[in-house]
Amino acid sequence: MIKAGIIGSTGYAGAELVRLLMQHKHAEIKWYGSRSYIDKKYYEVFQNMFEIVEDKCLDDNMEELSSAVDVIFTATPQGLCASLVNEEVLSKVKIIDLSADFRIKDVNIYEKWYGIEHKSPQFIDEAVYGLCEINREKIKGARLIANPGCYPTCSILSIYPMAKEGIIDTDTIIIDAKSGTSGAGRGAKVNNLYCEVNENIKAYGVTTHRHTPEIEEQLSYASGREVILNFTPHLVPMNRGILVTAYASLKKSVSYEEIKSIYDRYYKEEKFVRVLDKGVCPETRWVEGSNYVDVNFQIDERTNRIIMMGAMDNLVKGAAGQAVQNMNLMFGLEETEGLLQVPMFP
Amino acid sequence: MIKAGIIGSTGYAGAELVRLLMQHKHAEIKWYGSRSYIDKKYYEVFQNMFEIVEDKCLDDNMEELSSAVDVIFTATPQGLCASLVNEEVLSKVKIIDLSADFRIKDVNIYEKWYGIEHKSPQFIDEAVYGLCEINREKIKGARLIANPGCYPTCSILSIYPMAKEGIIDTDTIIIDAKSGTSGAGRGAKVNNLYCEVNENIKAYGVTTHRHTPEIEEQLSYASGREVILNFTPHLVPMNRGILVTAYASLKKSVSYEEIKSIYDRYYKEEKFVRVLDKGVCPETRWVEGSNYVDVNFQIDERTNRIIMMGAMDNLVKGAAGQAVQNMNLMFGLEETEGLLQVPMFP
Amino acid sequence: MIKAGIIGSTGYAGAELVRLLMQHKHAEIKWYGSRSYIDKKYYEVFQNMFEIVEDKCLDDNMEELSSAVDVIFTATPQGLCASLVNEEVLSKVKIIDLSADFRIKDVNIYEKWYGIEHKSPQFIDEAVYGLCEINREKIKGARLIANPGCYPTCSILSIYPMAKEGIIDTDTIIIDAKSGTSGAGRGAKVNNLYCEVNENIKAYGVTTHRHTPEIEEQLSYASGREVILNFTPHLVPMNRGILVTAYASLKKSVSYEEIKSIYDRYYKEEKFVRVLDKGVCPETRWVEGSNYVDVNFQIDERTNRIIMMGAMDNLVKGAAGQAVQNMNLMFGLEETEGLLQVPMFP
Amino acid sequence: MIKAGIIGSTGYAGAELVRLLMQHKHAEIKWYGSRSYIDKKYYEVFQNMFEIVEDKCLDDNMEELSSAVDVIFTATPQGLCASLVNEEVLSKVKIIDLSADFRIKDVNIYEKWYGIEHKSPQFIDEAVYGLCEINREKIKGARLIANPGCYPTCSILSIYPMAKEGIIDTDTIIIDAKSGTSGAGRGAKVNNLYCEVNENIKAYGVTTHRHTPEIEEQLSYASGREVILNFTPHLVPMNRGILVTAYASLKKSVSYEEIKSIYDRYYKEEKFVRVLDKGVCPETRWVEGSNYVDVNFQIDERTNRIIMMGAMDNLVKGAAGQAVQNMNLMFGLEETEGLLQVPMFP
């Protein structure tokens, strides 16, 4: 039985980790970290856990935690994991960081986009970007996983085969993304109140969102050249779900069948990536509560562009589900263990 | 492996049955009945099932079906199950009817409230009302289960201990219930369009809703006297969930502790009924996607009334989940098999 | 032109006052009070007011304000208005208080239910309860108006004719109310975040909600005897709207026509109260954005009860609209001035 | 008093026309056309109109109607207006067509994208594209107005100054649009049911949406060269609102101030187009219920692109509001008459 600790277990991503790990055969949670709710029963924060979780919330003590568990999930604000991790900790325990601290290899880019100093840049190189479908082998041997961001997971998986195979002109990539509100976290802010979000749609962080360099870096690896792109996130009045609509110019004329065969080749063996049938657009409702990413594309011969689309649950494949998928790989378990929830509809 | 057939698999309750049975260790679906979508792939109707269900929809043929499976779930409009069932079918297969056809013992009451003729009244007596927490032993030996209605399940479980123990004056019961929109079914009606339901709350079926006599009958059994009550359902702009707020006068002065101990006595051993802590009101968000019913109460000394509250997922404990729970009991399986989904939040 | 000042103009009720007064022919806002946003442009808080309101927010200074305007609206937390008002202020300016400070005549009851000391009980007697349909004449001559609460407005107007005419047994009144989330205010609290409210319904303040004594007092005046009742509010995932479903036993057998004629008699001349056609239930969507209250009833012969229903927009007739209606009466204007917005659907 | 008739008054756009015209000083509705509800009281279809509209629905008879009124609004499915209009009708009455029949000057393009034969191509030339901010003078003298589509109105107004001034490379325009569900109409379709739309976002009509050629034609006029672009609409779980996020490459390096001054020059005198302050993104909540379009832009120096954004209420400026604005111009009234509703929030 893998002993797991969660630092930041009372945010939405932390709570989703709890939900998934409670249904995992080979893992048990030993530490519900939550600086805000120390000594409060976990189920008093999330009543869905009544009669399921009896533990109380504990402080976010990584030192102590590293001796008590086999794996630590950090679902915390940017900068916290980097400030807590050190060689001693890493020698004792595996860390899966759901924050952005170790996702970007160039520390200058991290510090510029995030506006904070990186407290342990010496571990950036070692950290593995935990997008399982792409870095599976590296993940298996890693001590420190940078769990990908929600928008990057959906964006990269939607575009990756096209970038990797050189089908698209990577200078023309535009990603227009839409997210449910759980992505904004559980902090008490006026902007996230029900009446402010409901009956509204807006773009935010236009040209400045922090997930931009993360997507660019991964697509640069894929295409073998530097990718600079536009990424525009939008806030949608729904709880869960991310939809990515990405645009790029085709480098040459290609048929539907050619593109379809490429996507199939990349994802046929991937349990959690579903390439939809011709003409079927991904929709967030069809993946809710599950670890699936649904992808598809449409060629526009009039403009010589391809529209690449992806839908997933931001809290599962975009956060906690992918973290568990990484844990499974790191501990030699079946990759799908604890992650076979059938999407819930409606 | 139990072989299951579903008649009416493309409504919301039918689809939820599919979701639950796909995660059940000892059951497999052999027949996806759907008169509206014959020969269409099931996943084309519900894309969440893409790469999960490969079958096509079949006609609603109970004769043929009874030879092919061990259990038939009918998630169909009122009257259909009663028109299809016969002794030969029942001799070969167990039937769990999610419609109202066999819930009410007095066929006159059924015909009056439902406005249709009952086509097989000879089986009403045999049918067992499948509220597992109350009729567990009878369910185990039944051939034909009348799976309870969504509102009745939540209403009865909220009130039952008080009625049974004679704590409340059953002449004073008023049930004010609120339901998510999936309870209205997947039929294409203007009243259920997004823009008609969203940003709205309304009562409907005031004094005339068909679940009234079902609740009355069960509470009459519990209290040992005829119960006539008010039941008012409301439509709430959300997908899933039923909340019951029930009022009754106390027959004598009682303390919180006395009432609490009664609820605990009735439900302590019940996995799927959670009696909440003092002062915590049931909320539908805490049971979404799960088979739990959360109940609690509040005593009002000023008016000498008790307010009894219950929350559950109308598609799970209120329909498909309870049907699976019944199946488990009928086939001698662990009652909770396939039903231990942790509630999903948010 | 009436000069108006608003203390608390950046809450939801305050903002609705601004919306309505901007469309009022004979009033203009001279003071946008908001302690939280002093010196910030009003439209920067509410971007709907861009190019409509150019003013900046000012401090909540009632002394200064009383010399600058003809009428002050206080849309502030409980206790603030009572702490600011004095004889000098009242000698110069009319006050319409949207908080609860002057609604309850018995100061002990106020202090018990609200848990705060009343700072100016000497004005309670003078204050007029501003439910225009009932206290119209008194309002015309008042200096200080206690603008009714949202739930009380809808509850009282739904029940009033029945209580006044002695049709119902007032000992049996149960009010089950449902409100949109704007009623919870614009404060940044976790419980009001989008993901907490969406896809959820819950009761709150069961047996303890502060609007209970306000409703009881008014219905006591109507019926001529002390009324004690149950009032249970629920939070609904929508922005605006209150629905009241009220139950009471009939004192004798009455026909639909008898009751209908009573409601018609009370409300036929009332512009803002619409008695719906037989069998039509009030729904919040049909009054959104308007000052209407839609009421109707259903007699249940089986239980000898009447179900009285009402629907209105909590921010209009339940707050800002009624405040403007009061202002119109106090200043001798047409009662409907600025309040004839057609309900917006969808 | 202008006498108005509405053909198709019981769809969402038709109902919004009724709402707006009821608040218009110089117009009155003489004909509530609705083939589906002939002889039914209008308020029985839309209960918000109870005690406001007493008329019954009438058949869609344009001949008879043309003698009875001064202006006819057709809020009907594609093809109907074209099949009803003729010279005699046009000689007697002005027509404002909210369908697409007369929006596209090249009948072949219309027939290809809409898949139907145009029944009166002889009037296409005469028809004026009723985007008031651009074609104001032509509208004043027109007999037949092609009221613009919802997406085109928002898209064109967001992009127009940049296309007209040659700031952007029109070969690179990508429009990613998001709409509330009222845009899908009031037809009873499974895809528009509450539970299908709620908690979901999806793209639809990718590369094939019929508003594409309408936008292209207008931007071609603006830029003086043929524009071919990508337009991708998305369905958002909300009632009202359209948000456009449009991307294009800049032809040369420009500053924020230069672009801002262009937008201001085009829209400073336009009551209904609001160019927001620097850094403020348009949001649909700030225009709900009003005729405003909020626009803004963001320059991305990294990619040399400009992101142009617009938000409006699809039923007002995107349909009924613009139709009334056109009527005002055609009849020599104040352009803003009946259209000064302050946006409603929340």
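We call the chains A, B, C and D, going by the order they appear; numbering starts again at 1 in every chain.
Here is the rule we use: contacts are C-beta pairs under 8 Å (C-beta built on N, C-alpha and C of every residue); 3 or more make two chains touch, one makes a residue touch a chain.
Quick caveat, the model's predicted, so the values are computed rather than measured.
Among the remaining chains, B is positioned farthest from chain D, on the basis of C-alpha centroids. Counted by C-beta pairs in contact, the busier of A-C and A-B is A-B. A separation of 46 Å divides the Cα centre of chain A from that of chain C. Inter-chain centre distance (chain A to chain B, centres taken as mean C-alpha positions): 37 Å.
The residues of chain D that reach two or more other chains are 12, 182, 195-196, 198-199, 237-240, 283, 285, 288, 346, listed in rising order.
Those residues of chain A that touch chain C in the shared complex are 12, 181-182, 186, 188-190, 192-199, 237-239. Within the complex, the chain A residues that touch chain B are 12, 15, 19, 22-23, 46-52, 182, 199, 239-240, 274, 276-277, 280, 283, 285-290, 294, 340-346. Contact residues on chain C toward chain B in their complex (touch as defined above): 174, 176, 178, 180, 195-196, 198-204, 206-207, 228-230, 232, 234, 236-241, 243, 245, 247, 281-285, 288, 298-300, 302-303, 305, 307, 309, 311, 346.
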